[in-house]
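What follows is subunit A paired twice: with subunit B in the first complex and subunit C in the second.
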Partner chain A sequence: MHLNFIYPNESELQWSILIVLYPFLTGLVAGAFILASLERVFQVAAVKPTYRLALLTALAFLLVAPLPLQLHLGHPERSLEMYLTPHRSSAMAMFGFVYLWYLMVVLLLEIWLDYRRDIVLLSRSSTGFLRVIYKIMTLGSDNISERSLHLDERVGWIITVIGIPSAFLLHGYVGFIFGSIKANPWWNSPLMPVVFIFSAMVSGIAAVMLLYMLLTKLRGFKIDIACVDTIAKYLFYIFIIDFSLEMLDLIHRIYEADESFRSLDFMVHTSLWIPHVIIQILLGTLVPIGILGATQVLPLAEHMRKKLYVIAGSLTMIGIFAMRWNVVIGGQLFSKSLLGYTTYTLHLGSREGLGTAIFLTILPLGILYVLVKLLPPWQHESLSLN
Partner chain B sequence: MNRFKDSEHLLRVVGVFLVGVTLFLCLRAWFVPKSFGEFGHYRGDSLAEIAALPIIHAGHETCETCHTDVLEVKKAGKHANVNCEACHGPQAKHADDPGSVKPLLPDTSVLCARCHEASSAKPKWFPAVITAEHSMGMPCNTCHTSHSPKIQGDKK
Partner chain C sequence: MNMSRRFFITLTGAAGIAWEHVLAGTPEISPNYKITDHWWAMLIDVDKCIGCGNCVRACAAENNVPEGFFRTWIERYQDDEHIQDPLVDSPNGGMNGFLPRAAGTGLTGNGVKEFFVPKLCNHCADSPCTQVCPVGATFTTPDGVVLIDEKYCLGCRYCVQACPYGCRYIHPEKNVAQKCTLCYHRITKGLTTACCEACPTGSRQLADLKNPNDPIHEFMKKHSVQVLKPQMATGAKVYYANLDGSVR
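For the complex of A and B:
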């Protein structure tokens, strides 16, 4: 709707679908890591089959997470300058260090420590180029004595404990960037980082649950129903917290009803009605919460529960993507004049188009495929000391 | 050394990190210009370099010393406050040597649309058209006079 109340810098949306994708990808990273930490720190033994898969999923998505930003900004070579000459007063610039910390100190180190025994054994049993890769990954040490593995376990535990606030920081930071923009009433809320963290946990847990079920099925193995039941239970609990926080934010906005409220309310009832109310809240939140709730209270057969988990998990992913969409795109659809509105046209083939977004969503799955081949998450038991 | 036998691999990780940090510091020392941060978050030397660049704009007062006829037309019209070089581009070379450096006339079908293409961001009082419908690719100065953009032949 064009009412001639749009300022010149608002008629064209600057943050495209790639900026929608970015918090979606980092959210999956943080959520997958939190799921892994359930087993490691909180001793939830039932989710053990997904522990390594969750770590590898987090790594695959984390490696791709900066790409949408670099494609959006252009000149990817300049991103190095963020590290060489960091601007300490810029939240976006300092995020580079949060990313690097999470990648190098938390995720890579935890994966390396957990896989070290397997890496050493694989470096002994493999041949050719793979052997060279595994040898490099051992860092020249093939000591897998009981004491050294015990040390790995202890250090790994400490890293996971550090990793939990780091995962919160990683995704809370993304929420912080939106929440701290005081010029935009759709974004400006101190609840934004918290909502982002919980929605990240929801999407990451749902993604690992779906990936675990899919990969186990593809490998021809039986899905560990106790494991999936436990994941679904945690997904249900965290989803309820996430939904409550989002509703708290909504109720607060309705009750406060500041000068921006009428404009935002109009937007929610027009251009954002389908993506926000129908897809995000109804299909992507209430329906999966209802399904997950039903699996908690009804005595459903195993095959039925599995099907419901797949439906709930898939709807959850759609719902969380819609949440990112509604935050990023929704926050640019109205004018600061609070009287004018604009529209977003999603192109298919451009640098920031739908095609690129689909490619960047599939790319982490390709990386995960390579990682799973290189570091099989389910090989721990089958590898023996010889 | 035997004391560290079982933690040697961890020391190797620490070593890898130290090598990484050292490499980063070396790269930083190599890439970041010496004058960076001298006055602010930019290269200090850039101030002197920018100041030394040749001046390319002549300024409207220079243009008006010769083109008095255009000045008279402009003064009376809506474009009175639009500087000459906003449309004609930087003309310092032409001002220095008007005889041999002749500026090219801009293509009005492109130039005028930069300001007068209709957009939701423009206030209602500002003259704007959808050029594809309004002129269908024809240069604007077929009908309008550029320096005082009324319709040619119109007395007003």
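For the complex of A and C:
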């Protein structure tokens, strides 16, 4: 094999770590929302303590999701053209509309309806600048009669029902952006959108589980173990589906062994060995599935289960990030000639460097902090009408 | 010069419109060029290419191609009966021609052959780059040339990912996608492309598929031609004569 030729224009990698971050962030949004919908639509009462937190988490990450794309553009000042003159045959052109639909029609509306009673009460009890903020957030709707709240509940339920396929659309669409590129055999797969949806659910559920445990601990309250057990159970089931789909894709590629196989196989055994096989499949998938499986079948003590959930959740997050990395970066490490490879150098301080990526990962947590302060998600502290 | 105020104001307005036209980069088309009368393509006879690099240099000079990027390039292939394993190189896009391979670095054996393959944008009729552009900055002209509106391109790089042939790059200063324009500014004035003009062996021929008198029709009748990566079904319009099965 002579695997040392790349097309002359391929020496530069096109999509950086910021494009890795984009599906990671939108995945968290979609996954967190699905978790919230478990309680609302599927009546899984045990996960109620995380319902509002999941919605706020989804919002915080959704607000940041377009930033890596914006920072990556060669001409960010022209990005509005995607809304004004979208090219209808482009999957990417639909991003703006899917994003706006999800933000405005699903997430903001659902949060507003769920919090409307609290917002009205807070606008009455708070003072100064906060009062103005809450007044604005009521959008002039301060009727919190029983009939009105009942109506909120009904409409909120309908929006959640609409929101589930919307969450699938949001992240399935991200998978479609990669899966529909026939020029790239590493990406080109009809399974890609489905794998993205399930991995999104895995990462979002794990993130909310970790955030719930962390925030409850920080606030000095007791973690609702029934809630965390239920979340871990769903995480385990969905993780198995996700892993099965990824393995189906892998086995299909190996068995089919088309013209790209030798080139991709070599890449997986060399430059992608650590991020793909070791980090994504072994540490980020098999180990957490094993841990979650153990918590399902072994009679473990509560404190042990909590510790295992934290370990499994953290490894899951690492594994899903590695999956995004291996899709985006891995898909650019080989030449489209299938005769050679290139490398990706991650800079620290550049516009698309590690520093920016870390900032964009932390930023949603900062936004979440503000949202939690403004709209406390803790049900037992919900404001009383008296 | 005697000029009335009315005439001056009219002249200023007309000059303004003309200047805007110039600034917009509207392609200058010769008055007798009918855009719908043409369907441009290129014919490359692999057997005639000697790998001199004239075409690459002419293209770079004609189109101000930034250093390290290529709108056209030449690949040198060496293969034998194992056509899945060709040895390929393209030092600096073949711009300065090719030195003989260093001893011991090439293939050996009776069945070994060596040849040069010029590459450029295939101006595909169903181009994936046009399909994926989120704002339509990449478009196909009515005469079959895929062009980029640099004043509209976002620099999202989706088109670079979608091109199966590695023909696109991002201009390092302008931050927009660029590629071969088939010298649109020349062919619409009745000239041929810079690369075809510079080719000393006639390996590259601009072809107009809508022109019944174009020699390409006679050539295609008598020769076997192929496009690159036909499995991609992009409707590529760069036709190769005598193309080896090992070429990617």
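Brief remarks on what is shown
Just so it is clear, the second predicted complex is superposed on the first by the 376 of 386 C-alpha atoms of A that agree within 3 Å, B and C clash if a C-alpha of one lies under 4 Å from a C-alpha of the other, contacts with A are read in each partner's own complex, and residues count from 1 in each chain.
One rule holds in what follows: a contact is a pair of C-beta atoms (placed from the backbone, for glycine too) under 8 Å apart; a residue touches a chain by one contact, two chains touch by 3 or more.
Nothing here was measured: the structure is a model prediction, and the numbers come from that model.
By the touch criterion stated above, A:337 is placed in contact with subunit C alone, subunit B being left untouched. In the superposition on chain A, contact of A:183 is made with subunit C only, not with subunit B.
Of the two partner chains placed by superposition, A:218 touches none, neither subunit B nor subunit C. In the superposition on chain A, contact of A:348 is made with neither subunit B nor subunit C. In the superposed pair of complexes, A:74 makes contact with subunit C only, with no contact to subunit B. Judged by the touch definition given at the top, the superposed model places A:10 against both subunit B and subunit C. By the touch criterion stated above, A:301 is placed in contact with neither subunit B nor subunit C.
Within the superposed three-chain model, A:87 lies in touch with subunit B and with subunit C [touch as defined at top]. Of the two partners, subunit B and subunit C, it is C that touches more residues of subunit A.
Across the superposed pair, subunit B and subunit C both touch subunit A at residues 2, 6-11, 85, 87. The residues of subunit C lying in touch with subunit A in their complex are 68-70, 73, 75, 84-90, 92-93, 119, 128, 130-136, 152-158, 160-170, 174-176, 232, 248.
Within the complex formed with subunit A, the subunit B residues making contact are 5-10, 12-13, 16-17, 20, 24, 27-28, 31-32, 36-37, 41, 119-124. Those residues of subunit A that touch subunit B in the shared complex are 2-4, 6-11, 83-85, 87, 104, 109, 112, 116, 138-141, 143, 145, 147-148, 151-152, 155, 340, 342.
By the touch criterion given at the top, residues 1-2, 5-12, 14-15, 69, 72-75, 78-79, 81-82, 85-87, 89-93, 95, 177, 181-184, 262, 332, 335-339 of subunit A touch subunit C in their complex.
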